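Below, each structure is written out as structure tokens.
The same chain A turns up in both complexes below, where it pairs with chain B and then with chain C.
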Partner chain A sequence: MLALVVAHLVLAGLLPLVSARSRPAAFAVAALPPSVALLWAFSQTGPALGGGVTESVAWAPALGLTLSFRLDALALVMIILVSGVGAVILVHSIGYFDRDSPQATRSAALLLAFAGAMLGLVLADDLLTLYVFWELTSIASFLLVGQGGERRAERRAAVQALLVTVFGGLAMLLGFVLLGQAAGTYRISEILADPPRGGLVPVALVLVLLGAFTKSAQLPFHPWLPAAMVAPTPVSAYLHAASMVKAGVYLVARLSPGFADLAVWWAPVVVVGLGTMLVGGWRALGETDLKKVLAFGTVSQLGFLMVLLGAGDRTAALAGAAMLLAHALFKAPLFLTVGTIDHATGTRDLRKLSGLRTALPGTAVAAALAAASMAGLPPLLGFIGKEAAFEAFVDEGGARGYLVAFGLLAGSMLTAAYSARFLWGAFATKPGVEATVVHHRPGALLTGPIWLCAVAGLVLGGAYVLVDLLVMPYAAAYPDEHGYHLALWHGFNIPLLFSALAIGGGLLLHRARATVDALSHHSPVDAQRGYRSTVDGVSRLALVVTGRLQAGSLPVYLGVILVTFILLPGVAAVVAGQWPADQPVYDALVQVPLALVVVVAALALTRSHRRFTAVLLVGVIGYGVGGLFIIDGAPDLALAQFLVETLSMVAFVFVLRRLPAHFTERRPTWLTRLPRLLIAAVGGITVAGIAVVLSAARVGPAVASGEFVRLAPEGAGANNVVSAIIVDFRALDTVGEIGVLFIAAAGVSSLVLATRYDTRRKRESGREQVSSGQSGPDHEREVLG
Partner chain B sequence: MIIVPTINLTMAVTVAVLYAVGFYLLLSRSLMRVLIGVVVLGHASNLLLQLAGGPPARPPIVGTDPAAMADPLPQALALTAIVITFALTTFLLALGYRSFVLVGHDEVQDDVEDRRIGRQKADPVGLGSDEGDGDDSDDSDDSADSGAGDRVASTDDAVEATATGERERP
Partner chain C sequence: MTDPDDRADRAGSADADGGGVASTWDGPSQPWLLNGDCRGRQHRSLLLEITTRAVFPTVLVFSVYLLLVGHYGPGGGFSAGLVAGLAFVLRHIAGGGGDLGTGRVVRPPTVFGTGMAVAVLSALLPLAFGLGVLESAKLGVTLPVLGTIEVQTSLLLEVGVYLLIVGVVLELLRSLGTGIERDLDEAGEQPES
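Coming up: the complex of A and B.
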């Protein structure tokens, strides 16, 4: 199975080579791997419907990561959608895309890559494997919706689809991890065999549902799906009707046998699904773009599927699996019909189309067949699925059963109404609208796939026994109470009445279309507006946070760092540390006058306004610290300190020759100085306090130091322990230190030489001084406007 | 080696003052003052490193009684730190000098790009609003009122025009 998936992806990578010669050929080649996958799946039907076919490839065994695949009844149904319908749509694409279409090369490769990812998704038997393919399909969708990214609508729709589905995907990943940890395994089949309970499992399930709802465009995440209709029609037919948007439904179907008895699982699924079915159906009645009508219809149908597959009932699961198949077989041809009409007439606005029934009779008949299946007319597959759905909830009875049953009835009326609206909009001869001109008649490549899918819906409706055989092993995961089987005729019963009511009500709604159309535009809440304000809000929040944190002022940054230092380690030291009881005032009397010199020099430093005075005071501090080193018994340190201090003073004097005598800084007012003073004073006290507390907390001598002293004479051949440490025991430190010196020397010389170079060039060319841009007043004017 | 290494009060005050002065200078806008602040902080840190080793004692030379000997390890670390402080000082000095030569003063300026972000009110990405599908009427730069947000919008338009191959309308 992995080989099949990889074959899709590899061939997708090679497809541009074919496209370079002939674009139609590229689509023809792209149709091959899905066909092979479908044939392979059919060849495995026996074992798949029995125990399932499994395959496992160790990925990172040490981490327990495996690529596990499993072909069972549900996966087989999904493969018919993914590979079967996929191949049909790729054949349709041969005729749809023009020979010189710039979109064709990209679309062919991406559609094939998507088919591979989707195949992997439905075959995955491991939560993490599933997640990887899940996100791959999101990315393929983003690229296919965005196309060249040349039109604003395409870019926005692509970003919206990506943001919404990836947000859900990440939530789902978190849910998967929680679920996998609770179950002790990531194998889906093992989790379902012994579903975990309690603990974080409810949280995990809600997170997983979030992923499923975003992917399958459920309320309130649905607007991305209609927006994604800017993509070429074959893409919409494949990704946004037949397969990708079913991923969420598939995930719910996959996990329901293990979790549907929990209210945290079935309640959101049923409520959100029903809501989506009604809202989607209602919105479809107000759209004028045929593709949008179908898109909202898809949203509605996805809600329907959610309810059926998440309810946790055998009959409902049977109905759901059958509807899964039926939906792909009627929605894909309807989309392809729109594509064909668009291709033939140049418009898909139902207000402009008229008289196509006579102009494109073949397409009209095939589309009518598909739409009839969508509306639930016998003897089509859609009717069989819908009958089973009504049966499931009417039979269940109780509050939940009847509420859902009537909800489904209302949703089915809307479905019938927008099916009629679609057919009327696409093919009817409308009074007052001149007959649409057909520029070029659709060829067999365009209409053939429509016929194939539509007829399949009819044939499977007749051969319902086959469908029953196919989906029964999936439904068998639930207890069998009534022995219900899919069939065309169950006798005169309530589900049949519901079916009749749905179709009758739908036709009435369609007859009153003027009123409905007007009403459907009045909506108190708009999910698209919600998405927009969420994105705007996040971006505004980012702006505010960045504007606050990234103030662009060095003193502010340093102040924040210092305040953090004071608040975190400072407070921790006060709270947890213990002030030493017997702190001496001094250890050696000489420390006091030296310390006094250093302190006075340091305080004077803050008051000095002349650069030279400041440098001299720094020198006093340095020499004073050197003196303290001598008292502490560190002659090497003192020597280094005196040498370095002297060298620093020389360097300072060299630079000070060129700088003005006074600091150029504006004299700060007390108000601006006060926070600085406060932060600095508290910061200094904090450092000293932490030092005292920590030094008092020491309980014994440093072990390492004792070893250094013991080993110095023999190990390093040195009597001075400090030099032994520096050149021998910790020689690597010293090498690093020398490296730092080299780098600093290189930096200093390049900075000085650059100045010298500028001066020479200025002298030679007589031009103005070079300006570095940043910080210059001109630059500031330019940036701030 | 002596086991009571508590830093005495005089030294603690010295360290506190040195750090406070260093922080104070670091927070100022003059590059030279910042540099001097770094130097003072360097002195303070070196002193603190040495003090962490314990109270005054005999130099760590072999032959001294190990019990009366100062801890050699902090000394070695402080020695390394002193040299590195020196390297840092000279580099900052050269940097300040170069900045003075180029800009004519040695003040640390605010980053104007950052200030512009702070002032910006408009949606910087433009993902949220999708009015005007396809055409760019929603944020054309005809309304040339000053403001940072407009700059971004007009840049976006320029990109748009290049991408679609459309020339901007006059």
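Coming up: the complex of A and C.
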């Protein structure tokens, strides 16, 4: 299974080579790995529906990290969405993207990489493996929504999708860690076999749900999904309808058998899911962009799926898994229909489209089939799923059962209404609107995939036994109370009445579309506004904090550092330290003149007015300290000290050419100088005092030093123990340090170059201000909205 | 070897006669330290130039000595790199930024990038022989005249550090030295020091 996932990712990396020759061919090649994955999954159907197929690859055994995969019934259903629908959408993309479309190269590679990440996500049997793939899909979504980043709407939508889903993802990671620690394992199958209880488990579950809700665009995080509709339509169809947004639903479905008996799990899922279903459906009735209608429809359906899969009931789980399949099979072709219409007419605004029923009859029939499945008309798969959903909650009875059942009924009415709105908007002949001109007739590559998905929904509706076989092993995780099976006909019963009511109510709502349309724009709360004010608030807070902390005054920075030093280690040394009893004044007589030189230079430094003098005096101090190193028998240290001192003097002199010769024009007053003097003096005394106290703090001989000396000649082949430590015993530190130096050098040179670039640009373009940095508040506002 | 006075004159008059000087047996045959594009006569110090000429290769050799001797005495990649860097600093001060700019074949970022790459690769190399990261071993070679020569493999890490430090110093000279000089020239100011 790992090989399959890796094959997707590797091929995605190589795909630009194909794109360079032919872009349509790139999409055709990209469709291959998902097809292979689907065929492989089908070939494993028997064992997968039985005990499940597992595979485990030790990744970092010392840390207990493994890449574990497991193919079971739920994963198989998800693979049909991810790989099956994915391959179909990639084939559609061959026709959708123009031969010279600049987006095609990037989109092909990213879509394939996404398919790989998503495949890894649904196969993962380890919480951390799942998390890695989860975030990979978020990143793929960011890149696919953002496209070239040339248009503002794309940038904003991409950033919003990333911020929301990654925020949830991080919360989820925290939840996973808590859950894994409570269970003692990160293997999902083991956690579900023996779900942990008590302790921090409720907190963990809420955090996990946060991740699932953000990913699946649940209330109040849903606005990112409609905003992401700026992406090319195949991307929307694949990521934001068929697969990625299902990740949250999938996670809930995956964990529900272990936790659905806890109120902390099912209550938020059911409440948020129902709310999302209603709000999404309601908002879909007011949109005029066909893609947005579908996007809010997706939000609504995701809420529906959440309720079904998180409720913790066998029939509901059965309905949820069937709806999961049904949703991908009707929503993907509807998106592809919008893409086809957009491609053919150049618009997807339902106020401008008219008469396409006669102009594009084939597409219209296929779309009608898919929309009928969405609305829940027999004998389509959507109807079967919805019947089971009503059955589950009507049968459960009680307050919860009926509340949920009536909520679902209301949601289903809205679903039927926006299904009708979609068909009417896309294909109807509207009075007063002239017939839309079809520029390019859609080819078989565009319409074929739509037909395939739509007909699959019809065929599976008839062959409900197959669907029942496929999803039953998942639902079997719950106790079997009634022996309910998916079927087209259960007799005249309440669920059938509900289905009829939903469709009838939906058609009535559609008839009253003028009123509903106007009403749906009135909303007391706006989640999108909430998102904006949150982002703005964080941005403003960051500005305030930065403004306070980064005052831009060197004396303040130094003062803060010194006062902290005096207060924390200084006080600690006074309280806990001990002044050594036998502290000699000096070890060797030569130390005295050297120390005097250092002290005098330091004092003179504080009195110097010229920068150049100050630099020279700093040099004197450095060389004096180097001399002290020699006397104490540290020639390596002294050599390095002398060399660094020399080099820093040279660097100082270079920079001094650009600085005024004197520090300030006027001497500061005593009022400002006195506190500085005080802080500096106390700071200096503290450093000296701590040096003495700490040097006396050691009670025994240093074990490590002795071992270093003993091992150096044999272990490191060096007689010089300093060198042995640097390049052998602590070589990792050395590599890290030169890494820091490397980054600093690259940073300094780019800073200097950026400044020079700016000044040159400024000179060339008159007085115009040019800033090389991109991280100004204006830029952020531009991106974040 | 060229007479310094002669060279100074040639450099000064290069602009006047278009740089074409009949090559005589005692004329300069290659741009060794100054390439004729010096900073103007008042900024030149003949004494410094001659000293730099004499000292520069010696210091470089000394830096290699420090690099190799690190295992047995004071020295090592860091000190050796700084010494080599200081040699270039001396050359920069004596010959000006133009000297380094034209005389150098490789760019400073390439040098310190190579250093980093060598260091990281030397850290990972032992993995290929089934050892741990950064583990070192002693390699011995017996040569006819010199006898047995032993090298600790951690010398490779030292070489990486050496290259990185040299590159950082060269980068410093380019950004702070030549760069600021060019800024001053463009702004029409004269350097103060």
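Simple rule for what comes next: the second predicted complex is superposed on the first by the 558 of 785 C-alpha atoms of A that agree within 3 Å, B and C clash if a C-alpha of one lies under 4 Å from a C-alpha of the other, contacts with A are read in each partner's own complex, and residues count from 1 in each chain.
The definition used in the following text is that contacts are C-beta pairs under 8 Å (C-beta built on N, C-alpha and C of every residue); 3 or more make two chains touch, one makes a residue touch a chain.
These numbers come from a predicted model, not from an experiment.
Contacts of A:V599 after superposition: chain B is touched, whereas chain C is not reached. Touch criterion met: A:L732 reaches chain C, while chain B stays clear of it. Of the two partners chain B and chain C, more chain A residues are in touch with B.
Contacts of A:L414 after superposition on the shared chain: neither chain B nor chain C is touched. Applying the stated contact rule after C-alpha superposition, one finds that A:Q591 touches chain B and leaves chain C untouched. When the two complexes are overlaid on their common chain A, residue A:V164 makes contact with neither chain B nor chain C.
Applying the stated contact rule after C-alpha superposition, one finds that A:D636 touches each of chain B and chain C.
Contacts of A:A716 after superposition on the shared chain: chain C is touched, whereas chain B is not. In the overlay built on the shared chain, the residue A:V752 is in contact with chain B and with chain C. Of the two partner chains placed by the overlay, only chain C lies in contact with A:V650; chain B stays clear of it. Overlap of the chain B and chain C interfaces on chain A: residues 635-636, 640, 644, 647, 651, 655, 658, 718-720, 722, 726, 734, 741, 745, 748, 752. Within the complex formed with chain A, the residues of chain B that make contact are 1-3, 5-30, 32-34, 36, 39-40, 43-44, 46-48, 50-53, 55-63, 66, 69-73, 75-76, 78-80, 82-91, 93-98, 100-103, 105-121, 123-125, 127-130, 132-134, 136, 146-148, 151, 160, 163-164.
By the touch criterion given at the top, residues 70-79, 82-83, 85-86, 89, 93, 108-109, 112-113, 115-116, 119-120, 123, 133-134, 136, 138, 150, 152, 154-155, 157-158, 160-161, 164-165, 167-169, 171-172, 174-177, 179-184, 186, 191-193 of chain C touch chain A in their complex.
Those residues of chain A whose C-beta lies close enough to touch chain C in the complex are 612, 635-636, 638-640, 643-644, 646-647, 650-651, 653-658, 661, 716-720, 722-724, 726-728, 731-732, 734-735, 738-739, 741-742, 745-746, 748-749, 752-753, 756, 759-760, 763.
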